[in-house]
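Which chain is which? They are A, B and C, in the order written, and residues in each are numbered from 1.
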Amino acid sequence: MTRNLMLKVMLPAAFALCLAIPDAKAADKLTLLLDWFINPDHAPLFVAEEMGYFAAHGLEVEMIAPADPNDPPKLVAAGKADIALSYQPQLHVQVAAGLPLTRFGTLVATPLNTLLVLEEGPINTIADLKGRKVGYSVGGFEDALLRAMLSRHGLTLDDITLVNVNFSLSPSLLSGQVDAVIGAYRNFELNQMAIEGYRGRAFYVEEEGVPSYDELILVANPDHMNREVLRRFLNALEDGVRYLVNHPEKSWGLFIHGRSELDNELNRRAWKDTLPRFALRPAALDRARYSRFAKFMQKQGLIPIALSIEKYATILE
Amino acid sequence: MRILRPLTIAAGIVFLWQIIVWLSGAPHFILPSPTNVAIAWWANHMMILGHAGITLLEIALGLFFGTVLGISSALMLAYFRPARRWLLPVLVASQAVPVFALAPILVLWLGYGIASKAAMATLIIYFPVTAGFFDGLRRTEPGWTDLARTMRASRWTTLTRIRVPAALPALASGLRVATAVAPIGAVVGEWVGASAGLGYLMLHANGRLQTDLMFAALLTLAVFAVLIYFIVDGGLRRALPWQPDHLQA
Amino acid sequence: MPNTENFISLPSAPPAIHISRASLSYDGSFLFKDLELQLPGGHCSVLLGPSGVGKSSLLRLIAGLEAVEGGGSVEFTSNGCSPSDCATTAPAYMAQRDLLLPWLDALGNVTLGQRLRRQPPDLARAQNLLARVGLENYVYARSATLSGGMRQRVAIARTLMEERPVVLMDEPFSALDAITRLSLQDLAAELLRGRTILLVTHDPMEALRLGERIFVMSGRPARLSESPTPGGKIPRDPADKEFLAYHAELLNRLGAAEAGL
């Protein structure tokens, strides 16, 4: 009797157990350095994480938020992390400075940078900036952007006063210390001011003479990158973007899941404004667009020559 | 001959630095080698020195106002008990607050020019000076005040002729500490918002991936900070020649 | 050699000190209670006793540095006023440590009293007093460069500068080596002759050398008992046979006082 039990129950059970045991192969680990503290610009990454898309592609992604946005690309170039979120304009300069970096994917496919003024302020067109104070953040290339935007209206940088306000873009504008700020993100600072009860007017850089570029890109070290693993990463990311676009409300819930400090009015408003800007095809690369921006940076004197695109961008097959 | 020792120390530091670069294999955009930094310094020295002038001015203003305010506060604390009860806890708490938190507020009030940086430096200098001088005033040798009483001294002359001179060594100690930390106040102020100064230059160079220039500015700041310290220290020793230095250098 | 006697004025009628019903407590217990003491004017009285008995506290009381408790009083006979309100009869005070201000030179220290009272310092007199104590070459020396004995000599000069008829001294020579101590005792005796002096000491030798009256203080709360003194001009010669006998007797009294405390 017991021997029959063994054969009829235990063996099939054991067999089923064997099938149920997951694949013994361990997931590939990746360290990803965000560009700054977690914010809605990172939505697809967190959606992918929460929906298990990374795990489904055999990946374990550790996301780290730095305090200084300048650090992540340097750490990736030094081989201390796998992926960094960075900015396309910075990439051109970093590669020109000899850092071993290459862009392999895009997160936010439009510029987010704007020139911001108060709606009730004295500035109605860019030409009104003459003789005014413009606040900026150090580390950006805002002065080059400004130069391009001003030249369309016959002004030069000498016609304005540049004031370094570092990270206090909104406060300095609201307190009247400056008349305009450059380096403010259209999805963030505008909303921040609206919450404080101020209407802002934005001049979009790509509409004012600056060639279009990707605001947030994914970079890796070409000497250390595992192309196969990163391709899987992009696949998972694309799944995240897809889910985000199809289910924006549910995605918000995933974004703040376990991170209640992110659940605030500013993030909610920024979320809506950022949604249309994510790259639907993170792996895709528009070569001519990148080259055009490289030439712009060269013309502005930020890089000595416009390198050929293979030197700083990669398409992962 | 006396210049030989600091030069040897400097040479030793440069040597150690080069060793670290070789051993750690750190890339040039994280830790540049001494030669790269020297080249960057020479190529940009006029600009660096120009920025240095601004930072030095901020430090000097901070030292002046911090010392004046510190001395007055210490006197007030020593002579008015309500001041001790109310001001002293505030003073101690103010030191616990990192200057990083105060900097944006100061910048908002005083603007992005020199004023806010001088104010930051003043804040950093104020506490060591106040604490030092107050301590000195508190600890006046009781024998001296007894002697003054038997000599029918007024409160005023006891203060000016005994307590204050007796407290000067403690003030000098506080001032030495303050001088060492003054550059921090100026630089943090510049990081929060400025268009000139070595702190600003460091931030700017870092953002533009010009790490060698950043280090060149950093070293310039370090050298000036050391120079300022020795000037202040020397001045204090000359001003208080009666203060015996039991440890011969 | 100028006539230095003019710089040390002898008080015409140095006051006597009357202490009546004086009490002082420390840390909850009475150091002394309802103490009565009459010290003769123009003479040197010595207060002797073991450490901790309250000799210095009594001295400070007379100097006006401590407040008398419980209705007692300290009075000087000349005008019947107390130390705290009479500027002219206020005592000069000399402590065990020289209390020289390190940032002033010897001249500055000697003229300290005048500086503190915002009077113009009488430098000539100060220099002469320094010469009198044997420091004419050290007028501009800072205290850090002087030896312990020399510093106490500056303190003596400072005390003389104050020209007070009453001088209180709290073990002023105890920190010095034996030879220096003897020579400073001689100097003090000579320069302070004629004033009302109260000297506190724990050294019976010193008491016998300098004291015209000797009081032994003992017990808690402390009591005073007078001890006999030998004759002879102050400062007395310690090699004298009579001196040695009194010294032995005083040692016994001190031993008893120590045991009783």
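In this section, a residue touches a chain if its C-beta (ideal position, glycine included) is under 8 Å from a C-beta of that chain, and two chains touch if they have at least 3 such contacts.
The shown structure was predicted, so the numbers you read here are calculated from the model rather than taken from an experiment.
Shared contact partners of chain A and chain B do not exist in this assembly.
Distance from the centre of chain A peaks at C, each centre being the average of the chain's Cα atoms.
Chain B has its Cα centroid nearest to the centroid of all protein Cα atoms in the structure. Mean C-alpha positions place chain A and chain B at a centre distance of 40 Å.
The distance from the centre of chain B to the centre of chain C, each centre being the mean of the chain's C-alpha atoms, comes to 49 Å. Once the centre of each chain is set as its mean CA position, chain A and chain C turn out to be 86 Å apart.
Shared interface positions of chain C, i.e. residues touching 2 or more other chains, are not present.
Chain B has no residue in contact with two or more other chains.
Put simply, chain C touches chain B in their complex at residues 60, 63-65, 87, 90-93, 95, 97, 99, 101-103, 112-113, 115-118, 142, 144, 162. The part of chain B that touches chain C in the complex is made up of residues 141, 143-144, 146-154, 157-158, 161-162, 165-166, 168, 240, 242-244. For chain A in complex with chain B, the touching residues are 70, 74, 77-78, 93-94, 97-99, 138-140, 162-166, 168, 171-172, 175, 177. Per the touch definition, chain B reaches chain A in the complex via residues 26-30, 104, 107-108, 111-112, 191-195, 200, 203-204, 206-210.
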